[in-house]
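Dropping a structure here in structure tokens format, bear with me for questions.
As written, the chain order gives the labels A, B, C and D, with residue 1 at the start of each chain.
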Amino acid sequence: MNYKMDYNNIFFKINTSLNKIKDHGKVASYIPELNNIDPNKFGVHLTTLNNEHYSIGDSNEKFSIQSIAKVLALTLAYKMKGEKLWKRIDVEPSGTSFNSLVQLEYNHGIPRNPLINAGAIVICDILISNLENPKKDFLEFIRELSGNKTLNFSSKTAESEKITGFTNMALVNLMKSFNNIKNDIDVVMDFYFNLCSIEMTCKELSRTFLFLTNDGIDPITNNKILSESKSKRINAIMLLCGFYDEAGEFAFKVGLPGKSGVGGGIVAIHPNKYSIAVWSPRLNKKGNSQKGMNFLEKFTTKTQSSIF
Amino acid sequence: MNYKMDYNNIFFKINTSLNKIKDHGKVASYIPELNNIDPNKFGVHLTTLNNEHYSIGDSNEKFSIQSIAKVLALTLAYKMKGEKLWKRIDVEPSGTSFNSLVQLEYNHGIPRNPLINAGAIVICDILISNLENPKKDFLEFIRELSGNKTLNFSSKTAESEKITGFTNMALVNLMKSFNNIKNDIDVVMDFYFNLCSIEMTCKELSRTFLFLTNDGIDPITNNKILSESKSKRINAIMLLCGFYDEAGEFAFKVGLPGKSGVGGGIVAIHPNKYSIAVWSPRLNKKGNSQKGMNFLEKFTTKTQSSIF
Amino acid sequence: MNYKMDYNNIFFKINTSLNKIKDHGKVASYIPELNNIDPNKFGVHLTTLNNEHYSIGDSNEKFSIQSIAKVLALTLAYKMKGEKLWKRIDVEPSGTSFNSLVQLEYNHGIPRNPLINAGAIVICDILISNLENPKKDFLEFIRELSGNKTLNFSSKTAESEKITGFTNMALVNLMKSFNNIKNDIDVVMDFYFNLCSIEMTCKELSRTFLFLTNDGIDPITNNKILSESKSKRINAIMLLCGFYDEAGEFAFKVGLPGKSGVGGGIVAIHPNKYSIAVWSPRLNKKGNSQKGMNFLEKFTTKTQSSIF
Amino acid sequence: MNYKMDYNNIFFKINTSLNKIKDHGKVASYIPELNNIDPNKFGVHLTTLNNEHYSIGDSNEKFSIQSIAKVLALTLAYKMKGEKLWKRIDVEPSGTSFNSLVQLEYNHGIPRNPLINAGAIVICDILISNLENPKKDFLEFIRELSGNKTLNFSSKTAESEKITGFTNMALVNLMKSFNNIKNDIDVVMDFYFNLCSIEMTCKELSRTFLFLTNDGIDPITNNKILSESKSKRINAIMLLCGFYDEAGEFAFKVGLPGKSGVGGGIVAIHPNKYSIAVWSPRLNKKGNSQKGMNFLEKFTTKTQSSIF
């Protein structure tokens, strides 16, 4: 890929072909706030290492990035605590659905990885123990990464999740019973639900993840976010654990490290090349964006840019 | 057993033989309030259908009956709701340890039986939906059964459990996520922790369970507590599910329906004959009173009163 | 029950009422030989401790007793090896379906009890290690118990099971990998499949189990089959583990120790009273005889003879 | 990495540093034939896309490649059957130890991926259904890939595994019970045990996997082994599933697609760059070569050649 790719043209062609297929996916309904979204929204934004931009559709519209934010929480915790992190979370794929308690009980309260709900909750607990003003400090961190000083939590979405988040409450209580949660459960879950409520556009999202395409250094600001080794490791974790029970499917078909959220967003990165964010709210049975998955599969095939 | 048994003499002989064995059991430590109990306490009280009384040791001292109270909550809920109860709880032995979330997740929030924690929590939820003043009304019910109008919850023990009951909080949240808890979680758990905090003496406990030896009719007051069929069914449930992961062991060695609690109490009944309560705070590895189990095994062997 | 029961009249009435209900149960189809049975066969035979006999329907017709024979294998092994048996098999209810490998793997090759397939296979292994001519000696044992010197294995049924018994082959291999099978797998499974192929009539079956109603002594011959304690323990195991994933249901509704087989047979005993065998090939979803379960529920209700 | 790497020098330095560390790993003992190997053997061979060779230690000594051969069986089956393969095997990481029956039972006989034992057994079954002379044809296939016309199965090792392979026999029987094995079990397992018995040197192994670094085309012979897409997908599967319960750890620390075997071998590939084979018989607790893992971690760090 030494020549300049005409990504916009490729986006257009893939979109045209996908529009011919009926998308039977359903919008996430268990979080009331997400249920109000127009299911036909669709946006893509790709940012290259050289700060070139390509996009299609609703790429400048905010959406709830949900679980994608777990990568950002992991980044900050990993930056602060280093390899000590792995005493409290493992780095293995989970092999079961995203909210399973079975494995957590079997492993005595140690989550399989930092991108399943249980693991992200432990990360929140760690951030709370290590940040002076957890929510404010975290917001500052992602505002800098995204280059947007107005990024914020959506208190409406966070409240909405609190009311229905019984499975997550079960997870955190189970981990607390194994002493793998150090702070008060209500404080931890308030942080967690706020984390998942962050809203970004596709453009902001692809820009935010750019440091992971560049061995930990933000290519726009030249800020060192993470060491090269840590940056590569987060990519490895995304590849193995970024798509719930469909990580294999995504690695197999798309071939890039990435992370999805039930809001219908997916971000994926190609080391040394680009960061791409896709948004389409209809989800497949495994809880990942149906059109988003299909789009990225066609995209890496056409551009021959799988990492394998 | 047509002739009159000299139970007091049998008690004395068994106790003498057991005192020769060192009891390595440990008092339950996860509930702070229970940790303060003298581990060497030991009491037995047997009440016959004819209101004859036999006892040894600390049989008139109050202790926390803990999970034994689940049978009483089940009795009241079964009396009020009848067979409809079994839409929300199964009647099968659990086959795993007493606080496992695995089976609950596998069975979509339906507990295996009403005597494991999850099942008792559903029973609490049902009582709250059906009683005007749940805690007060329940107290009245067991006061009548026990013949002691001053029986009460121990608010100290209940508070103590609330602070550490993370596994139970995980259970109730998981069931709520499957919509098998109808009331507010805090209200349900307040009732549950109070239920488990009830204190009785061995004498009161054996008297309270007398109706289950007499096909549902309290032989002292002649009050009909349950129908014959329901009374037999509760006995069946106790035999199959009354001792956590040691139900088989108890049925095998003792051969009576019964229920244990982590406070070190055990109650067992012989249909048409007697109700016996034992208390010794040291627990074996499965969470049942070590000396209590041994005592009852020797007792049913000597008196040939297994139901098998 | 001091007066003489008119059991035949009770049988007649229950049968009449059950005949009004359509039985949607299906005959076991995974064993080809069982699939040829007339699904409408129905027989009952009750033998009292005093050798009185009551029956209805096809009670003198042979059928494949299947898993019921596991109790007889357990009896012989327990008689020979005593409590050492429990080093290789537990006595707890299984809590999952009858052929589950999960629990076996979790428990490192130790079956939960001797009446699930895995447990019965270990019993077969033990008998092979301890009998000179395993199949011949075992046959002699049950011929004496049944009072019928011509009882035999059905080689046709045994062969039929061998061809399709892949789940059982998985079980025995898994246990062998944990070193809980000492003999050659083919020899063990030949014994096991022959054990399950034994054919009896309801009359023979109820007579065979009579020793368990009489504390281990055959009331007809006065032979001591087992000690009182061992006899009671086998009854306890039947009550807790005799009906696959429906043990609770049977204890709850029928209230007697018993054992079922996929051939549609059920035997149940009332200590000190009677042994009853029922046969009806249509099975419910849990693999137990539909009409057999219903018949026994009505029978113990009408005769008030639950042990609870 | 446009300049020529002095790999031999890097090998030397890493080996020197590793030799200072005591390797507490144990040689696989459950397969008697493997137990006879000198545990201190150590070899590395790297082959570049341009057919350059770098090596250290016992790189020309044959060893049992064991599970590494599963990738070659998968390659041939995928080449012949295409995407139809995935009806009988999934492509998700397993999340539990390499011989677990739990997940297989839960998923009704469909293995999680083609690199765990169960999955490889299904691949063997597929090859048997589709090859005229399965063992002979497969041998021919890998002889061509390796460029060594004398490669062979080790009948001694195969026999050795047959005698002790009870867990694998449990797996295949369980899958047969779910109808996911079409051929006779003995034939399937004979193929499987022979597959795992293949012996290669590090040099041969790294050469054999070269086609996976080159989008499916063998760079030496220019033979098209697989399509580009299929080749990338096999790399994705190796990354996610190649190291039993340590896939995450390997992706995280080494960052290359690869596959290990209990003989102590590991092969890993860097797309468009090189294929590297390492051999050291001492295994860590997860069953992967201890020194092999450490060597590759240091190697990709020093050469900055993780794919992330």
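By our rule, a contact is a pair of C-beta atoms (placed from the backbone, for glycine too) under 8 Å apart; a residue touches a chain by one contact, two chains touch by 3 or more.
Keep in mind the model is a prediction, meaning the values are calculated, not measured.
Looking at chain A and chain B, not one chain touches each of them. For chain A, the chain with the farthest CA centroid is C. Put simply, the C-alpha centre of chain B and that of chain D have 56 angstrom between them. Separation between the centroids of chain A and chain D, computed from CA atoms only, is 32 Å. Rounded to whole angstrom units, the spacing between the C-alpha centres of chain C and chain D is 48. For chain D, the set of residues touching two or more other chains is empty. Chain pairs that touch, as defined above: A-B, A-D, B-C, C-D. Remark: chain C residues 100-102, 105-106, 166-167, 169-171, 173-174, 176-177 touch chain D in the complex. Of all residues in chain D, those touching chain A in their complex are 90-96, 103, 112-113, 228-229, 231-233, 235-237, 239-241, 245-249, 251-253, 255, 257, 271, 301, 304, 306-308.
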